[in-house]
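Report on the following structure.
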């Protein structure tokens, strides 16, 4: 298991559906191709924005296959493979490896919250990592799971040669500082949202998996480049401008807003799976205003 | 769609696995046969105790088939069929009807918490009810979902001819009173836990789907019979005694404790799916003590 | 410390302020006098509805003095005396005893949530009970404190000769069943809200301290009398009708709604202390409708 | 109301009590004098670490007076003055001004959580700011209040000439970025915990009010100086080392741990007010180890 470098920016690609609600593989490929004009390190397929939990077993594999066809060599494909049981997670992780994923991003089980003790969580990740041919990334997503992995548990999980990093979407940057400070130097932390990309970088994160990178890849890359160059003032100014549009397509209005924005910007957004509702007309207008004010208006080059 | 009466007690049957973790259909049947010596109104298959979220698509159908073979005519089979998408839920609800389920108990989607507005939830339940050949029961389970359906939303959902009832596991009895008082008289509320069976009955619930009914069916039935007979003092005394053992096999130690207790009492419990951990030795001893103290010791007749 | 019987219904009296926001002792007395035409067991002064936390040290004592002047002998005066420190709580408990309170209802400290371990909570209650000349009642109020006393902690606290009961406003009736079942037979549990009065009685509560009893004392007393008489059907029907108006003057719109309703019904409500806002016009209309629909319209006899 | 600059580091001084639990003004002064050998911008008196909620009205004023005697001119004294009512808050804010405080740090009311709407919160802060002769700083402390002020509400509150800043202890750095980006340029944000000092600075915070600055003032100042100098690598390394000791004296073990550490380091810690419990022996040892590992061992010069 050679090292994998997660430095950089990854869009967590939404999964495309057609108007009948069926998987739309062509649009998955086409979105990837357009986004590939930016120097993105890779893509996450089947994350929360990829509606993993809305897909049948067969569709999950089909989405990964479609993505891999479009993601060029040298660009990483991360695959979301976490399920409620170790068994299901191992199955999908192996399917991901078979389709050519470079790493598995694994959300932990959370339905039986009271039973997900540190011991159970460590056992889960270590079993999956043992069974996986590709490196494993831990995924913490409190807003959806109702749980929040703490630093001691993450550090224990990290203590496995096939577990290479963490995507944390919770925004607790103090925790990220603790993890980057105490985990081995090859354990890589990724910000899970553009809302705290710069502060995460400031404490040692190596990049981010950012919903916003689907619609503002340039700006996400710029924050990171400005930070690396040491131009903190410019980085901060851009970071501040990205908080509102990022909030709009994540916590506030979620995947339907992200897809709507993609439609506006020349990518394919399309519908989300029911029962998630399409945006109200008024919300669409508010969203358009927020994107415009943040300078996310010109569309991606085609 | 003729009426279905949910009056009475239903065990939410755990799904049996063998030592390798594979579905163990024979034990599903054997547990049902033993529990059928009690005048239970029916069984819930694939509830939270049935580890629905731990099963593959194929296993879900197999578990339902096994259960239906053992559940005699005249005893109801409720099938847990809720998934994160309307599409998946309709698929499994139809499979349940095909295997002979009498009603579907449908947990709402909860992964995208912020998007599960009342509008989305009502749309979800009404779409499923429209598509279902069998009656639909709403399922509220805050401890696992991190959401709590409120009375106005439930009342709106209830306003559909194919939605016949609610299982509420949250223990908010004031809400149950509001629902039983304001929903149509044919909307049936079931307590979701033996910890509040008697108080739920006092405000108009018609019965319960009770983990404890897997190991103490006699006591659960007795609470209900004493209540109906008007012997509140005896009902209360029994109810009070059931709170501790019920807590032990639900909130406190969950499915592994329920399965362990079944093993002790002559039923088949067996392992839970990973990463849920087996009980520690010390917990087993505590649990045994709690069951003993509550008089749940003699085992079920074989 | 002779026994005190808490059987029955207690309104937690709002504290009256005049239009300038100053304590209005005359109206405290006048409200009590009017409510005393009903066979209430007593009053709680300085509970959450009594805006305890909004009063200066001096005002707390003045409010208790005013109340005691109006509460006739034979009717109990409970005084809310819980503060964040043991020291402050003992001080106010002693002041309450001096003004003639029959018992102290003590909310636990909750500001330093992480430090309020079971050990700290037990130490707190036992120190207060040791120092108090009057019996102490434990008060659990999760919606305001952000904490929820669990049964084992309550049972440990209850194990003191000068701690005589519990008011639980959390609505977890399973917990109440556990406490009534396991505490000594002289430990008395009171429902903390009319929304779950009947279910609480069904598991052994002896009465309730009910915001609703300020505006619908007759109905609260009736639920209890019907329950005692064994007419569960009538009790349930009345209980169901009381859930909505009770919710309106508690969780939904709080003290300003309770005071507004009192104004409508011939008692003195008056303003709440800032920054709590007065009801919007639209809310007033909704509230009036809810009270009317529940039959709380005729006003209290004057 | 001339401008006040909050740039820099402020320890939120614990309030000293003697062994009988009485206010110990001499030790308040002595602690300040020792800490003043570091170039701290000022002190916060009567914050959460200052046990504001544990003090009587009189003691609050006495603590402020003692502090002012010791805090030299040119070093700022911030006074915690927030209460549950506007009235009480205005009273204490005026007392603070009278004793010589340079600004009031005002925690919002939180007991009636459901009633603390944005409208009520804005009204509260604006009333206090109108009545205050000294500038007002907003204080957000979710772990203690159970509420979390959001960016839109903060921005509305900030829109008052006498409200000059925010201390945010919640750690949501994305929110801080939004506030620093959208509030007027003279609105100053302070990190509320050393756990996220560097990330907060990276998005535009001007300093911090940090429990850790009571025991590791040098390190807190260094993080800030390294950041300003542009030596992010060294800043990050120091930030990472401070997460664990900071967590130990805040979220994990709280004020008793902070006071114990002060005792170890040559300052006066002393007891906390009951019912907060003193540290267990084992916790003391763990804490000593954590401080040592982080290099907080040599004590403050005397």
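For this structure, a couple of remarks:
In this document, chain identifiers A, B, C and D correspond to the written order of the chains, with residue numbering beginning at 1 in each.
In the analysis below, a residue touches a chain if its C-beta (ideal position, glycine included) is under 8 Å from a C-beta of that chain, and two chains touch if they have at least 3 such contacts.
These numbers come from a predicted model, not from an experiment.
Chains making contact with chain A as well as with chain B: none in this assembly. Repeated interface: A-B and one of B-C, A-D or C-D share more than half of their contact pairs by residue number, and that pair is C-D. Of all the chains, the one whose CA centre sits at the greatest distance from that of chain D is B. Centroid to centroid, with C-alpha atoms defining each point, chain B and chain C lie 35 Å apart. Rounded to whole angstrom, the centroid-to-centroid distance between chain B and chain D, based on C-alpha atoms, equals 49 Å. For chain B, the set of residues that touch two or more other chains is empty. Considering their complex, residues 21, 48, 53-54, 56-57, 84-88, 91, 109, 111-117, 119-121, 123-124, 127, 143-146, 251-252, 254-256, 273-277 of chain D touch chain C. The part of chain D that touches chain A in the complex is made up of residues 151, 171-175, 177-178, 180-182, 193, 195-196, 198-204, 230, 232, 235-237, 239-241, 243-244, 246-247.
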